[in-house]
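Both complexes below contain subunit A, partnered by subunit B and then by subunit C.
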Partner chain A sequence: MRENVRKLLYMDKRIVYLLMALAIAIPMFMPLGLPVRIPKSAQDFYDEIEKLNERDIVWIAAEINPANQAEFEPAIKAIFRHCLSKNLRIAVAAFYPQGANLAATWSADLVAEFGAVYGVDYINLGPRPSTSQDSIMDNARRDIIDAYSDRDNYGNPLSSYQIMADLQKASDVSLAVIFTQGSPGCAEYIANWQSTGDLMHMITVAAAVQIPVENPRYQAGMLQGMLGGMTGGAAYEKLIGHLGSATKGLDSQGLGHLLIVVLLIVGNACYFILKNLDEKAKTEAGGRS
Partner chain B sequence: MNVSPEFIEAFRPLGVWIAAALTLGIYSILWKENYYYRVCEHIFVGATSAYLVVTSYANTIKPAIEVDMIEKGMWWQIIAIALGCMIYFQPFAQFRWLSRFPIALWIGFNAGFAGLTMRTIMPMIVSVRATMLPLVVFTNGTFDLLRSFNNTVFVLSTTMTLLYFFFSFEKLASAPGVLKVCRWVMMLSFGVGFGNTVMNRITLVMGRFSFLFSDWLGLI
Partner chain C sequence: MRRTLPVILTLVAGTLAILNSYIIFAPLNNWVPNYLQRTVTISTAWAVGIGSLNLMRIHSARISRKTTNWSFSVILIVAFTFFLVLGFVLEKHQENPFYSMLWNYVQPPLSSTMYSILAFYMASAAFRAFRMHSVDSTLMLLSAFIVMLGAVPIGEMIWPGFPVLQEWLLNYINTSSQRAITIGLTLGAMAQSMRVMVGLERGHLSGGE
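So, the complex of A and B:
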């Protein structure tokens, strides 16, 4: 028995990888339909957008990179759907180099579906290097066009777009939706725009790894709503009544978590059983001698 | 640089195959160290760096020269560009001193910007204020047990964590059991952080699996 327990405790890590791959892949072919719970933070997130008036401007800080596609793509799509269906206007900006282009790619279908016009209903300010985030944000507090050198993501003059007439400075924004997976993220927006009193309404879509960091800010009221990871994305999809890839992904995530919990229990049980057996063997050996 | 949507669409199948080959290459490290993985890793690092250079030039340097310097006549911005270029003297021992000027300026600017304003102080004050919660909560005139319990746990946890790093009164922290409770509180929060990190990592894998099964193989 001792050998079997030892084998189980020190099993080849590639078996764990294989089990995890199966746990994630199987629900993609055979959905389990796990229920989606709506946490208060997601409800608050939804309510913040619901409170806005027609033609208000929502600032989307797309601090995202391709690795987080599974977490952020459903949220970007759902936010665009929610905002465009409420006739809100959207401005996308980013300090992550790929952020602005990823947001544009992921929202392209929705922009076409709602017939949103670039420069009128939405605009993409493009990425700026994160090393100069504070100076850009400080400048944008007073003059967004100047902060972005009068050029959008595609190199065209910002001042030529209709939406920019109502988007001169940070206080013209009604709500900031900040995607965050580290820095730059909520901390920078709070420090540069909220602490100065320019923009008080901020909500966040936090990568799962960032939830413990953003949760205290949400509880303190600096953020008025929060979507945490794919679970938050699924809750938001349910709230807007349009289920997407976050809801589908919950099954894989759930089964993956279940596997980790099982492995943790099995690993600990094996550790204690082996320790017990080793001690017993030692006592028996001592008694014989 | 802008690429037309037609161009992107025409080359999409090729892009999907390259992306799938690179994804499998990166995952091959799970089996064992191999050259295929090394090649994919180098392509990844190279492509990311190149993307950053192109984005920085197209979205920051080019508009700064075209709009700010030429159109608006803010010619003095050439000083900033010269300072920026001086940082590249780092690898040359003889001229390394030149790179210290932009670094000193950069650190000085950030220290002043962050330290002399309310930007850093205000969020801290709000956070501290949020920990000052009532331990007994009444909702609509009736005692709210759940919120009272939550607030008590919250306040105690904050106090315990602070106490662990409070070295002024040695006897207080070394009282029997106090340090143990402080450590438990922190271990619990680290556990939450670990759980969320695992959730994040699973999601990353799901993103790649979804790409392989859907975009590449068309199975789902």
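So, the complex of A and C:
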């Protein structure tokens, strides 16, 4: 028995990799279609956008990098769909180098679908170095065009766009949607814009690893809504009535989680069986000598 | 003087930045964001430039000495120089299709792939290394069970109590711990800032007293 357990515990790790690949891939071809639960934080997130009036400006802090594509792309798409369908205006900004471009790439289809006009219905302020985040955000409290050196993501003068007439300072923003996976993220926006009273309404899309950090801020009311990871994205897709890649991905994520739990149980069971057998063998060997 | 002047500058700049947050005094409230904070942006740009030169220097030395894995240094220098030249040469490079193609469709998939591979390593590590050795590790393992299964619909299908337990862990156990950590970190950062401002902490001035 000991040899069999040992073989199982020390099996080729490529078998584990294969199992994980299957757990992720199978639901992509055969969706389980399990019902998606809507947590209160996701409902609050949705409600905050619903409360806005037509032509209000939503600030999307695209603190995104490619590693979080699976979690953030569905959320960006759903937020653009929700905002554009409500005739809201969108301003995208980022302190992560690729955040602004990724947001532009992921939202391109939605912008085309709703016929949104750049500079009128939405604008991309582009990335700025995260090391200057505090000075830029503080300056943006008074003058966004100056804080962004009068240049958008594509090097064109911000002041030439119609939307900027209504987006001169932080308090002109009606709601900030902050994508966060660490720093810069919610903490910086809260410190620079919320604590100063310029912008009180903030909601977040948090990467799964960031949920424990942002949840206390959501509970304290600093953040009025929160989408957590792919689960939050799927809940939001359900709320806006347009199921997308988060809903599809949730089956894969679920089976992946389940596999890890099974591996943990099997791994620990093998470990304790081996330990008991070894101790028993030692005791027997001691008795004989 | 090499050390005293930076300490004086730090003390003055730090004091003004703090006062700006607490005092309503127009000249100060204008000067800090318009001058002092812009200085940070300019200093950052210089730091990036110096950092880039340093990166080139280190990797050039690795290539010339043919140290272990020097070929990776060649790739780094070629890629760095290529992107740098493109950025300078192409007018409005952000709008150039070739530049955008490289920036949007090469690096992001590579980065996503690297991150995705973690799922496989985590599964392998969970099986081989995560053991209930002690009370602490057992608690951690049980929490992992609950959070992983509570976060996905399949967990709720297995047992409807998983999401309830997961939310309880997140809202009570996690939140109280996170708040303690946050407050502790903030107090620590304040103390550290004060030490730097008054010159007790001089590590950034090339070390030593």
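We take it that the second predicted complex is superposed on the first by the 289 of 289 C-alpha atoms of A that agree within 3 Å, B and C clash if a C-alpha of one lies under 4 Å from a C-alpha of the other, contacts with A are read in each partner's own complex, and residues count from 1 in each chain.
The rule is short, and it goes like this: a residue touches a chain if its C-beta (ideal position, glycine included) is under 8 Å from a C-beta of that chain, and two chains touch if they have at least 3 such contacts.
Because the structure is a prediction, the values reported are computed rather than measured.
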Subunit B versus subunit C as contact partner of A:Ile211, first or second or both or neither: both
Subunit B versus subunit C as contact partner of A:Ile260, first or second or both or neither: both
Partner chain in contact with A:Asn153 - subunit B first, subunit C second, else both or neither: both
Contacts of A:Pro127 with subunit B and subunit C, given as first, second, both or neither: first
Contacts of A:Pro39 with subunit B and subunit C, given as first, second, both or neither: second
Subunit B versus subunit C as contact partner of A:Gly249, first or second or both or neither: first
Partner chain(s) touched by A:Ile190 [first = subunit B, second = subunit C, both, neither]: first
Which of subunit B and subunit C A:Asn139 touches, first, second, both or neither: second
Partner chain in contact with A:Gln98 - subunit B first, subunit C second, else both or neither: both
Contacts on subunit A seen with subunit B and repeated with subunit C across the two complexes: 17, 20-21, 24, 67-70, 98, 126, 129, 132, 134-135, 138, 153-155, 208, 211-212, 216, 219, 228-229, 231, 253, 256-257, 260
Sites on subunit A touched by subunit B in the complex: 14, 17, 20-21, 24-25, 28-29, 67-71, 97-98, 126-129, 132, 134-135, 138, 148-151, 153-155, 187, 190-192, 194-196, 207-212, 216-217, 219-222, 228-231, 245, 249, 252-253, 256-257, 260
Subunit A partner contacts - residues on subunit B that touch it in the complex: 2, 30-31, 51-52, 55-56, 58-60, 62-64, 66-68, 109-110, 113-114, 117-123, 126-127, 129-130, 189, 192-193, 196-200, 202-207, 209-211, 213, 219-220
Residue ranges of subunit C touching subunit A (in the complex, touch as defined): 33-34, 37-38, 40-41, 44-45, 47-48, 92, 94-95, 100, 103-104, 107-112, 114-116, 119-120, 122-124, 126-128, 130-132, 141, 144-145, 148-149, 151-157, 163, 167, 170-171, 174-175, 178-179, 182
Subunit C contact footprint on subunit A (complex, rising order): 9-10, 13, 16-17, 19-21, 24, 32, 34-37, 39, 65-70, 98, 101-102, 105, 126, 129, 131-132, 134-136, 138-139, 142, 153-155, 208, 211-213, 215-216, 219, 228-229, 231, 250-251, 253-261, 263-264, 266-268, 271-272
